[in-house]
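Have a look at these structures, which come just after this line.
Two complexes are shown next, each including chain A; its partner changes from chain B in the first to chain C in the second.
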Partner chain A sequence: MNCYRFLAKDALSAFLAFLAERERVLVPVEKNGARSSVVFEEWHEGLPFTMLKSTVPPKAAVLPQCEVLFTCRRVPDEGDQNRHVMVLDDTLTAQPTVIVATRPCDARGFAVLDRPYLNGLYQDPYYAARRKELTVLTLTCPTGCESCFCHWVGGGPSSPEGSDVLLTEIEGGYLCQSVTEKGRSLLERSALPDGEDRLASMQEARKKAYQSLGRAPDLKTAPQRISERFSDLDFWNRWTEACISCGACTYFCPTCYCFTITDEGDPAHAEGGRRLRSWDNCMSSLFTREASGHNPRRKKAERMRNRISHKYATYPENWGVFSCSGCGRCVSNCPTGIDIRAILLSALGKEEDMISHGTQSKETGQ
Partner chain B sequence: MTTITNPRMPHGITPRPLLPHANAYAPMLATVHEIIEESPTIKSIRVVLNDDEAQRSFTFEPGQVGQLSVFGAGEATFVISSPPSEKRFLQFSVMLAGEVTAAIHRLSVGETVGVRAPLGNFFPYKDWFGKNVFFIAGGIGIAPIRTIMLHVLEHAENYGSLHLLFGARKPGDLAFKQDIPDWLTRSDLDCTLCVDRADESWSHKTGMVPSVLEELAPQPENTVAVLCGPPVMIKYTIETLEKLGFSPEHIITTLEKRMKCGIGICGRCNIGGLYVCVDGPVFSWKTLQGLPNEL
Partner chain C sequence: MSGLTQGERRELRIVGFLCNWCSYGGADTAGVARASQPTDLRIIRVPCSGRVDPLFVVKALLNGADGVLVSGCHPRDCHYGTGNFYARRRLEVLRRFLPVLGIDPKRFSYTWVSASEGQRWQTVVTRFTEEIHELGPAPRFMDAGPLEREIEQPASSPLHSLDSASLESLAALKQAIASRLPELDLVLGWQEGRDKAHLVPLFIRTPEDLDRLAIGPLAVHNLAVYLPELKGRKVGIVVKGCDGRSVVELLQEKLISREDVEIFAVACHGTFDTGRIDQALGRYQHLESVRMDGKELRITCDGRERHFSLENDSSTKCLHCKTPLSPLSDHSFGSAPSVGEGDSTPPDLARLDAMTLDERRAFWRSQMERCIRCYACRNACPLCVCRDHCISDTREPHFTTQESTAKEKFFFQIIHSLHLAGRCTGCGECQRSCPVGIPILALREHLIRVTDELFPEYRAGMTVDAAAPLLTYSVEEPHIQEREW
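Moving on, here comes the complex of A and B:
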């Protein structure tokens, strides 16, 4: 049973304060610089925040950019001071966290990460602990944006997947709808007034959001068509010409989850050693380079092919859905203007859709 | 053996021994027990798990791999080159290649290392019951061949005739010199050695593995070919095997990829939708033929 509560705009800060009593609260905060951006930061009383779509998705709440997997120390043996023993410490503390006003595409990103991290052969204990402690309060989108395409890939401006509560902006505030049991109990604990009487406004707002989107191309054949394109290296070369292998597309992506593991420090020194896990980037030539020098993805076209294939062919092969939530950040943050939508449509032979969607075609746009 | 019910779709995963520790990223501590200099660039490291019970109960299948850590330097993936019947230690045979392997080569007896094992799938040796098995190894490829060949030899009554063709660049590069006299003389194994460049001491065959294989001309009927070695050797040896009439499902090999997590998450060892660390490292040529060509 859904639970509906109304959050008035002028009650937002009080609501955040209520959440912050028990958990770390992450909110979108505007950063003004040469290029202004919106990033998630821990809320505290008085922190100015925004309800705008974040520039960087809140993926780091469950998968930090860099984290310590364990520390290692070589210490004298208690029984025999001439001997040493290695002590590993993999104690994990997951801070209860609530994300406020993320968007449906980013909430769906968590669902994409959940499959390999929670449901594979082994569960990732670090991810699992943080995910269990995470509550996601998602703001449904009032309209689509220039580079996003959530409705192409199974989502939409009010998709509930990955969220615990959906907030929809209506007159005077937000209607909060519980999606999960966790979200329901949070809303019930809160002092927010009942919102059932405002359901019609919520539905109206959501309908308007859907109507603002263009027609979605049919991507059902994408896994097969992209697999068939595998050996067409000319195709991948053409679409990768501009790529500088910077990896912005992967770092800004709510569904990219590749990582590397490295050691740092020295267990024999006082400060000890650490094994770290850090975000990695499949667009870098170092990603797959072996110690022998052999590299199965030496060319940038081969790396682009792998990234596109993973999102629209091989992840679906393994998990039944795309590993792209259509947030469009790889499009808006690419320094050379590469548009994943155009590559996708071209791979599917749907060039006519590119024109109707206004995506730049490198093939037909010359 | 833990049975695994299809964690991913649609290809299931063969049941296999799994990591015994709860945190898949935290290695078990182990102590270097013995170091064998196999060749100028290959050392075999024998390690004993520090927890006696963990060592006693450690089980794996031949072909499964482990991540060996030198704390502070990192970890890398190697096949467990001792047979599963060896309960006293785990052996990893390591060729000097990069930073981690250099740190492994600097280890001395008594030092502490980390082990995350067993990982990956294993050789489908039960499918070979009643068949002849022709093992082919090039260079460090003898490491996975050693574990499966010793396992098959321990159960030789289940198989037909057993053969080994083992090649290296030059005589000094042949690893497992301690084992070779036994392999050459035992009656249940027909062992052929070859080197690309012979010297005056060399009394075995001279030539590359594929050409020596062509000369030996094993009969493909009721025979499985199991080959491990560098990619270029694998490529030409498979061509030769196909020329000799071996069918793709009876050609079994192992793949190497750069690996980090070893548990199918970190994303770098995939070939199409398969992950070498979970779906491999053992593959039939038939399976590989159906995958994108990205070796």
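Moving on, here comes the complex of A and C:
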């Protein structure tokens, strides 16, 4: 049974304070700099926050930019002073965390990450521990936007996948709908008033959001069509010319999950050694450079091909869905304006769909 | 050796980089002569002061050193002939760079001590240690709290008029490219991207590609970034003034060949700060129209019209631009606005100038926190030419760790800035590319100001046969004080 509660706008801070009693609460915070950006930060009383879509998805809550897998120290053996032993500490730390006001595309991102990290051949204990402690309170989107395309890839502005609670903005506040058991018990624990009498407004808001979306192209054949393009290097070259091989598209992606592992420090030193896992990205040529110096993906076109193929061909072959939630951050954050939708449609031979989406035609590629 | 560290005074951490041939010998001479010295200094022996990468100093200061002293052979007395001439330029630039980072420049000193000058060494080390003790332990970067006062960005008026006049050159430009296209492998320009408000790079190979060419105040990308990877091909490039300077710098550093590049220079009358436009447009679904009219840009999306003007919404780099037309070109289009006199301090830099050292550290710490190390700043920089061999990616030497602290991220910005010292033309691509809007251009702009002070005869990217000041030296440096006493 779903549980519906009403969260009035002026009760938002009190609700966050209630959540913060037990857990770390992450909220979108607007940052002013050379351009304004929205990032998730830990909430505390008085922190100004926003309900805007974040520039950086909250992926770091389960997959930090950098995490210590273990620390190690070389210490004298108690029994034999002439010998040393290595002491490893791989204690997991997973702080109970609740993310507030993320968007459905980001929540679906967690579902994309779950498959390889939780349901693959090996379960990743670090990811699993954080994911278990994570509660996702998602704000459904009021409209689509020019750079996002969730409805192309199986989602929508009110998609519940990956969320524990869905919040929909209605007059005076947000209607909270539980999606999972975790979400339901959270809402029931809260002092929020019942919201069932406002269901109609919620449905109205969601319907309006859905209606605002442009026509979605049919991507059913994407895995096959993209695989067929594999050896068409001209195609990939053409679409990658403007790429500067930075990692913006992957690091801002809620579904990209590649990492690198490095050993740092020195076990014999007082500070000890540590094994770190940190974000890595397939757009960097170092990602695939082997110790021998050989690099199977030396050209940026080959790397772009890998990224697109992974998202729309190989991941769906393994898991049945795209590893893209259509958040559009790779589009809006690309320093050279590369549009993954245009590449996808071109691979599918569906350039005309760009026009209906309000994006210019790209018949000839660039 | 405790003569000078009397009482219970806490020892501080001072790192000394001493050249093997002179200063290390000088320290040895002082020791042999039993000249008493403070014990705070930890000496690292280097073959030459020229071996001291300014990054050694910054890394030490960021990681807990309370002071850093570099000492080498006297100028004109280098064991290797010229090592300390290079060192003198680099270390002076570094000394003047530190304040913008929020590091007290008094914590760093460089000097010259010969092997026979035991007494001079004693004085140098004693004085420097005393100065560091007066300053006390260095504040840690990661201890910097939030910036407590709002510091207004001072208003700045442009050095030349900003308007859409560059648009008028489009037809002539297209015609010129069309006539040259058969001889060239490709021509770099701009085109509409996902909508009319977002231009993206265009790679022109055919007349149909050329039809899509767009220029004007929304053509923000510096296309020179693509030239090194296209080396060996005949490439035409459309450049604004600042982009043209990057091309010159690349030619100067022999990263591209003059005979392979054909420069189509468009007189630039200013570009928009696209981040500011995006912020003002906010979330929208359909962009209906973009109209440029004189100084005004009108963008209509979802039925709402918004106005932008180059006077209020231009890229900050355009406010102090002195090079609206590329200094080097094969074809040039439009007439460049005349550049007036005036304060050319970029507004972001002026704001940092108005801060105390503590505030600057607080500022950088709070700004760097949200960096996710996508390295768009590095990869969009036309002069970041190490590509796959960036020092931030190497394990040997281990300059940066993978740890995602603001300090590590800030250190990368320092690496980038210092590697560009004297080479950076201030095109601002690093900052424009930053998806989270960290105002990193100010660090480069400060270094441009420093190199302007020290080497006033040189401006990066103006002449092909010049040499960047840190890649050369002069025996006498008119703007660097050789020693204080």
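The definition used in the following text is that the second predicted complex is superposed on the first by the 359 of 366 C-alpha atoms of A that agree within 3 Å, B and C clash if a C-alpha of one lies under 4 Å from a C-alpha of the other, contacts with A are read in each partner's own complex, and residues count from 1 in each chain.
One rule holds in what follows: a residue touches a chain if its C-beta (ideal position, glycine included) is under 8 Å from a C-beta of that chain, and two chains touch if they have at least 3 such contacts.
Note that the structure is a prediction, hence the values are computed from the model and not measured.
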item: Partners on chain A (chain B, chain C) - clash or fit; value: fit
item: Partner chain(s) touched by A:314 [first = chain B, second = chain C, both, neither]; value: first
item: First, second, both or neither for A:70, with chain B first and chain C second; value: first
item: Partner chain(s) touched by A:116 [first = chain B, second = chain C, both, neither]; value: first
item: Partner chain in contact with A:289 - chain B first, chain C second, else both or neither; value: both
item: Partner chain(s) touched by A:258 [first = chain B, second = chain C, both, neither]; value: first
item: Angle at chain A between chain B and chain C, C-alpha centres, nearest 10 degrees; value: 90
item: Touching partner for A:147 - first (chain B), second (chain C), both, neither; value: second
item: Which of chain B and chain C A:297 touches, first, second, both or neither; value: first
item: Chain B versus chain C as contact partner of A:33, first or second or both or neither; value: second
item: Least C-alpha distance (whole Å) that remains between chain C and chain B when both complexes are overlaid; value: 8
item: Intersection of chain A interface sets (partners chain B, chain C); value: 260, 262, 264, 289
item: Interface residues, chain B side, partner chain A - complex; value: 4, 7-10, 13, 18-19, 22-27, 29, 69, 71-76, 97-101, 112, 114, 231, 256-258, 260-261, 263-268, 270, 272-273, 278, 292-295
item: Chain A residues within the chain B interface of the complex; value: 69-70, 72, 74, 84-86, 88, 90, 116-117, 119-126, 227, 230-231, 257-268, 273, 275, 277, 280, 282, 287-292, 294, 296-297, 302, 306, 309-310, 313-315, 317-320
item: Residues of chain A that touch chain C when the two form their complex; value: 31-37, 39, 52-53, 55-56, 64-66, 143-147, 212, 214, 241-242, 244-248, 250-252, 260, 262, 264, 276, 278-279, 281, 284-286, 289, 331-333, 335-339, 342, 358-360, 364, 366
item: Parts of chain C lying in touch with chain A, wherever the complex brings them together; value: 191-196, 198-203, 206, 208-209, 212, 221, 225-226, 273, 275-276, 278-279, 283-287, 301, 348, 367, 370, 372-376, 378-380, 387-388, 393, 395, 398, 401-404, 429, 431-441
